[in-house]
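One chain, chain A, links the two complexes that follow: it is found with chain B in the first and with chain C in the second.
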Partner chain A sequence: MTPPPATWRLPPRATLLVAVVLLVAAEVGGASMARFKVELARWARGEMLRHPGVHGLVGVRDVDERVLDEALFRFDAGLRLFHMHAEGMALVIIATTTVAATLAETAGLRRMLTLLLTVGGVGYPLGYLLWSVLIPAWGVERSKSLVEWTVWVPFGSATIVALLGLLALISIRMVRR
Partner chain B sequence: MSRPPLVVVFVAVLLIALGELGGAVLSQLRPAVARWVAARVAANPAAHGLSGSAEYDDAVREQVVFTAEAGLSFFHTHAEGVGLVLFFAATLVASVVRGRAMRAVLHAMLTAGALFPLGYLLYATAAVGLGRDAGVTLAEAWVLTPLGTTFVLGLVGLVVALGRRPRPSPEA
Partner chain C sequence: MTLATLCMLLAALVGAAPAAAHHTGVYTPRDNAITTNFKQLKFSAQAGKFDVARRLFDEGPLRAEMRARVAVLPAGLEARTRAALEAGRAAELERALMIFFVALARDLAVEAERQLATAAPTPATGQRFLEAIWRYYNLVDFVVGQRDARASASMRLAFEDAESAVKDPARLPGAFHRIAEVLGRMLENAVN
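Then we have the complex of A and B:
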């Protein structure tokens, strides 16, 4: 086994590009939330009113306003969580794929770790955006359940598995030095 | 850019991985965590000052559940963020700090200090076992403050190293 390089190696350019695009999306998302807060809330509210059955609206103003406020809060929370997770995961992709590019000795292992870290890191935050977009037409819980099993669990698991693989790889390199 | 020692890289990736796992636990097992906390509070009434009055005890239980969830949430965000800060700061130390001893000191301070998010796990569990105030005080006094201070001092050392004028090269 060759000794680990003393300098960092860059991950593939496509990975860096994807991570930077995710950073840009997070920044734009944060800026849009602030700039178009009223317009976004108006759109979501309009969509919710077009799907009264989904949200359990009964036509009584006092009851419906509480339900709409709660759903709008979740809609806004989803956008905020997308903003925060996209910023964080973009940096996690850059840092962890740099470690994989430097310490993984075989091309196959390097490719697998990089792919899992990139795909998992990009996909997971997009789930929050999808959740927000779906809430007005699908309802809070139904859309959450859908996104949970189609986005958060698979993409989050990919990242966690890859991180555990990376930890095993670093441990092996430390032990064999 | 130079690579920091492998043990530093290991701790950085470990923190990020633990942060991810903490987030997964928080989202997937929230009801189970709340049930466990409520059971622990009921099993240890003296530590939490339960009075036997249902209304008062429910409020206390809710506060402890909130504190435990807040501890897990702080752990998730801080472990992810501090893992990244450690990765990039340690890379800067390895790349720009002259002197092997100074690099070793800064790497040691940053790596030990970066473990401070574990204090939020203690914060969550000690609040359940010892009572909210005693648990929070314990975590602050023994983990969050000393390790957090070490981390900040390591970063200040990096700032000083970056601010020092580079030695002129022999060709100049």
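Then we have the complex of A and C:
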């Protein structure tokens, strides 16, 4: 078995590009949230009022205002979580794919780990953005359930599986050294 | 960086990832404009700052709501509230505000009964009406209890019954009817 290289190897440039694009999206998203806070809230509220049945609105202000307030809170939380997760996952992609590129000996294993880490890392934060966008027309719980099964679970699982693979790879290298 | 350090960092990352999937924040219900204004009035009056309380009442949403609901509220409620503030009579102010919030809660109970009797009652709708009723009634329950402990106990029993009826939506219209009755009696006793 060959000893680990003395220097770090770069992951594929496409992976780095995707990670940087995700980082840019996170920053633009965060800035937009601050700049267009009122416009976003107004749009979301308007859409919610256009779908009263989805949100269970009853036409009584004292009852509906709390429902709308909670949905708007979730809408805002989704945008914030996208901003934070996109920032974090972009850095996780760069760090973990660098480890994979450096320590994985076979090209197949390296490609698989890099692919899972990149796809999982990019897809997972986008789920929060999708959740926010869907809340006004689909409702809080229905949109969360949809995003959970179509985005968070598959992309989050891809990242977890890849991280476990990376963990196993490092452990094996430590034992064999 | 050693392989052991890398290993520990990755283990921490794997542990954090699944938990993050369900992290969507915790919502805490906020006061609306009327309940906020009520608290401002109450605390100003308790501190003896009736000039502040009067200004908060004159410019606030509580008075606007009193005017908007003048047809269904006991006659002269706004004038009575204003007079209590002018005279610096905390007990009178407390009573006027109690009447106002009991009336708001009663109207919600009547509306809930009407809606749930005409459409297929759903647990979510019933629960939301209950939360809205309690948000108003809870503000004055202490004052109600001081004046008429039995009325306060009746309301609590009616409310608990309605809470249990949420699981059996067919019982909901009747449960809201009972709340409306209890609050209606409370209102009559407070006004007379």
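We take it that the second predicted complex is superposed on the first by the 177 of 177 C-alpha atoms of A that agree within 3 Å, B and C clash if a C-alpha of one lies under 4 Å from a C-alpha of the other, contacts with A are read in each partner's own complex, and residues count from 1 in each chain.
Everything that follows uses one rule, which is that a contact is a pair of C-beta atoms (placed from the backbone, for glycine too) under 8 Å apart; a residue touches a chain by one contact, two chains touch by 3 or more.
Since this is a predicted model, take the numbers as computed values, not measurements.
Shared-chain residue A:7: touches chain B; no touch with chain C. Within the superposed three-chain model, A:81 lies in touch with chain C and out of touch with chain B [touch as defined at top]. Judged by the touch definition given at the top, the superposed model places A:160 against both chain B and chain C. Counted by residues of chain A touched, the larger count belongs to C, out of chain B and chain C. Of the two partner chains placed by the overlay, only chain C lies in contact with A:66; chain B stays clear of it. Of the two partner chains, chain B is the only one touched by A:91; chain C is not. Using the contact criterion defined above for the overlaid structures, shared-chain residue A:56 touches chain C, although it does not reach chain B.
Applying the stated contact rule after C-alpha superposition, one finds that A:170 touches each of chain B and chain C. Applying the stated contact rule after C-alpha superposition, one finds that A:137 touches neither chain B nor chain C.
For the contact definition in use here, the residues of chain A common to its chain B contact set and its chain C contact set are 4, 92, 96, 99, 152, 156, 159-160, 163-164, 166-167, 170-171, 173-174, 177.
Those residues of chain A whose C-beta lies close enough to touch chain C in the complex are 4, 56, 58, 60, 62-63, 65-67, 69-70, 73-74, 77-78, 81, 85, 92, 96, 99, 131, 144, 148, 152-153, 156, 159-160, 163-164, 166-167, 170-171, 173-174, 177.
The part of chain B that touches chain A in the complex is made up of residues 1-3, 6-7, 9-10, 12-14, 16-17, 20-21, 23-24, 27, 80-81, 83-84, 87-88, 91. Residues 4-8, 88, 91-92, 95-96, 99, 102-103, 152, 156, 159-160, 163-164, 166-167, 170-171, 173-174, 177 of chain A are the ones that touch chain B when the two sit in their complex.
Across the complex, chain A is touched by residues 3-4, 6-7, 10-11, 13-14, 17-18, 20-21, 23-25, 27, 29-30, 32, 104, 108, 111, 115, 122, 124-125, 128-129, 131-132, 135-136 of chain C.
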